[in-house]
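In the two complexes that follow, chain A is the common piece, with chain B as its partner first and chain C second.
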Partner chain A sequence: MKQIITILLLALAMTGDLHAQKIFGTRNGKIGFISPTDDDVKAVNNEVSSRISDNGQITFSLLIKGFRFKYAEMQDHFNDQYLESTKFPRADFKGMITNLGDINFSKDGTYKAIVKGDLLMHGVTKNVLVNGVIEIKGGKPSVKASFVIVMKDFKIDAANVTDKVTIEINCQYQ
Partner chain B sequence: MYRSYKKLAVLITCCLTASLLQAQQVDLFKMQDSANKATDKTITAGPVINTFYSTRLVNAHTVEITGPGSMDFRINHRFSPVNQGLYELFGLDGASFRFGFDFGIAKDLMIGVGRTTYNKEYDGFIKYRLMHQSTGAGAMPLSIAVLGSAMYKTIDLDTSLKATATDRLTYVLQLMIARKFNEHTSVQISPTLTHYNRIIGFTGGSSDMLSIGFLARQKVSKRISINAEYFWQANRFNGTYDPLSIGVDIQTGGHVFQLHFTNSIGMNEHAFIHETTGSWGNGAVRWGFNISRIFNISSKNKKGNW
Partner chain C sequence: MHINRKFNFMKRWIRIILAIAVACAVTGGIIAYRIFNKPHRDVTQETGVALTAQQLYDAFKTNEQAANQKYLDKAIQLTGEIADISKNQEGNIVVNFKTNDPLVMINCTFKTNPGELKPGQNITFKGICTGYIPDANVVINEGVLAK
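The block that comes next holds the complex of A and B.
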């Protein structure tokens, strides 16, 4: 019996030491974009899959066809001519929070985050650096960020529409 | 005693599992890759877009429908036949045109009105897409649309004809069956029935005419396609030819410019199908262009919705 108690205590001590990895996810994150030169050129995708972990990893995945535009015609052109969504159906991001030490996932608060990672879009992978905000509220994080991408970097030939777009991210995790 | 050994074993197992868990951190990147792989199978499902660049190829309707809440302002312009020589600057001195407004009503429904120089005709149409070609599970192989249109002549007619208002009306019913074979090639077949309340200015033929349209487009770049359109007439008026048009579409996003050569002067259904008096054989071919400009007129789409 004594042995059992010893082992029980030992086990408790070990589990207390255990730092369980926290993973949060969402399937209906929001990613939108807008052209800085023509505010009609904008769309939003409400079906973004995203995960964030307190080990610093953050991922986003979305379907190009899921972007909704104001004009049906614009949406068709976007899919057919610019993003070629039949050929390249998905955009994908895998990144690491570079200032993980500044963020406490178990304490409510607003933290600035710098994320560095690979953005895959239109068949082109490019390393991007994004400044965003992680807000922990009731133990659940939400992420807000915005950054500019240049269409040419992703071999998107949209020169007669816009040279660059501002990407806006807004995800609430569970 | 034996029981406590069992408990001990359970506890040891628990401890081992716990320490194993700690060692194995979940890699979100790998998680993302496997999730992506899983959705890859369903990813291509959906309707096929841009079978044609526009709702018209040259004169004929395509299976495309103007988006809901959009208005398409269309100007179709045809010069005179090129065989008129230098005096008429190879036809450029003469002009015939149609301007019209098309409206997208619902996802698969559009209506439109227009007015043509030829016979000073007004026309209206309604087009409904019955089936939309799609990919993925339960894919539709074809797009099918149906068009009903009516055309009304307002040109002054010889009073001896005693033409009534109903005499001036013509109706067209058209079925459009199209398939986009790949990114570049799309083909459409359009069986068409035309009913003339009264045939004015032509002999032969009959008041009910059957024709079959063959439409094809071949994309040569992302924004440029080469198009051809031909209607075979089962019965025809004397002195008319089957319409054949060959053209180029230039898509610029919001605008579509269509440049072509055609032997038709008319630009609404009955006029271009059954009343084409020019022949490619003797050079009675016209240069022409269509311009399509899409406007958004829906108030449903509020700004800043994200």
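The block that comes next holds the complex of A and C.
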């Protein structure tokens, strides 16, 4: 009886191991944005926390105050007037890769990925669909993607600067 | 004689208007120049709030809102033990400071190269706190080596 239990436990532990998901992460991913109508409206954040799992889950979190602009004055306006970063310090994205079958996390290569998820920013959550590329190199993934967001959708009143921005994601994982 | 005086009068007004226009253009120019050349914050010119890595993490973990009010956008002078050193995707040096939670770090990015550092070393870093990402890290950037 004792033996059977041991074997059962071992078998359980082994199946657990077989299905163990691989999670890759970074604390210093890069996300930038640029206005399609004004090149000067551009900023980069290099402290993006992100995790990607071979079960398809993908998350990004960043701090609004971590966006760096070329012009300090623009950075102040962005934080104080538009994103209200003291009230809403963080933006979060939680999503799933919808075409997981096309991606082999244990084989080097470049794969197209479609990610669907919720973006929470400026206190507003919105469902977004993003097309991107996952590159596996030496067993480590990196993610590149870009998509457009409409400021009004997130109740950001920046009409006198820009209506939309293009978000650019570039994260290398460990 | 009369026409001449009127002409002179008008000339004077034109001069005044021109002078005002020039003054406006110059002021506008100065304002625009100041906006585009306003320097970025320089943390070396500020006195930082002295904290250990653990104290800063504890503050955010217990009450994020209160910690945001206290530390967000503030210069922080942080002392702690280096967990690891890396470079971000722009090539800047990043040091993670240990906390008692193995998954949570204080993530600090240097704006200038601090020279040689080693994991396990205790250092003091001064930078600007941008906030907390639960289950990941507290972020401080635009920093320099203080000690």
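Going forward, the second predicted complex is superposed on the first by the 157 of 174 C-alpha atoms of A that agree within 3 Å, B and C clash if a C-alpha of one lies under 4 Å from a C-alpha of the other, contacts with A are read in each partner's own complex, and residues count from 1 in each chain.
Methods note: a residue touches a chain if its C-beta (ideal position, glycine included) is under 8 Å from a C-beta of that chain, and two chains touch if they have at least 3 such contacts.
If you're wondering where the values come from, they're calculated on a predicted model, not measured in any experiment.
Novice: Overlay done on chain A, so just call it for chain B and chain C: clash or fit.
Specialist: Here chain B and chain C cannot both sit on chain A without a clash.
Novice: Touch check for A:71: first (chain B), second (chain C), both, or neither?
Specialist: After superposing on A, A:71 lies in contact with both chain B and chain C.
Novice: Where does A:61 make contact in the superposed view: on chain B (first), on chain C (second), on both, or on neither?
Specialist: A:61 contacts both chain B and chain C.
Novice: In the superposed arrangement, which partner chain does A:47 touch: chain B (first), chain C (second), both, or neither?
Specialist: Touch status of A:47: second partner only.
Novice: Between chain B (first) and chain C (second), which does A:125 come into contact with in this model arrangement: first, second, both, or neither?
Specialist: A:125: touches no partner chain.
Novice: In the superposed arrangement, does A:90 touch chain B (first), chain C (second), both or neither?
Specialist: Both partners, chain B and chain C.
Novice: According to the contact criterion defined above, which of chain B and chain C contacts more residues of chain A?
Specialist: Counting residues of chain A touched by each partner, the higher count goes to B.
Novice: Per the contact definition in the header, classify A:110: touching chain B only (first), chain C only (second), both, or neither.
Specialist: Neither partner.
Novice: On the A-aligned overlay, A:28 touches which partner chain: chain B = first, chain C = second, or both, or neither?
Specialist: The answer is second: A:28 touches chain C but not chain B.
Novice: First (chain B), second (chain C), both or neither: which does A:172 touch?
Specialist: A:172: touches chain C, not chain B.
Novice: In the overlaid three-chain picture, which partner chain does A:37 touch, first (chain B) or second (chain C), both, or neither?
Specialist: neither
Novice: Where does chain B run into chain C after the fit on chain A, at 39-47, 57-65, 111-119 or 237-245?
Specialist: Among 39-47, 57-65, 111-119 or 237-245, the clash with chain C belongs to 39-47.
Novice: From the superposed pair, tell me which chain A residues show up as contacts to chain B and also as contacts to chain C.
Specialist: Comparing the two interfaces on chain A, one with chain B and one with chain C, the shared residues are 30, 44, 49, 61, 63, 65, 71-73, 86, 89-90.
Novice: List the residues on chain A that touch chain C in their complex, please.
Specialist: 27-30, 44, 46-47, 49, 61-66, 68, 71-73, 75, 86, 89-90, 170, 172
Novice: Which of the residues in chain C end up touching chain A in this complex?
Specialist: Interface residues on the chain C side: 35-36, 38-41, 68, 72-73, 86, 88-90, 92, 94, 96, 105, 107, 109, 128, 130-133, 136-137, 139, 141.
Novice: Inside the complex, what are the residues of chain B that reach chain A?
Specialist: Residue list for chain B touching chain A: 4, 7-8, 11-12, 14-15, 18-19, 21-22, 25-29, 31-32, 35-36, 43-44, 46, 49-50, 67-70, 104, 183, 222-223, 251-254, 294, 296, 301, 303, 305-306.
Novice: Hey, which residues of chain A end up touching chain B in the complex?
Specialist: Residue positions touching the partner: 1, 3-4, 7-8, 10-11, 14-15, 18-21, 23, 30, 32, 39, 42, 44, 49, 51-53, 55, 57-59, 61, 63, 65, 70-74, 76-77, 79-81, 86, 89-90, 92, 94, 157, 160-161, 168.
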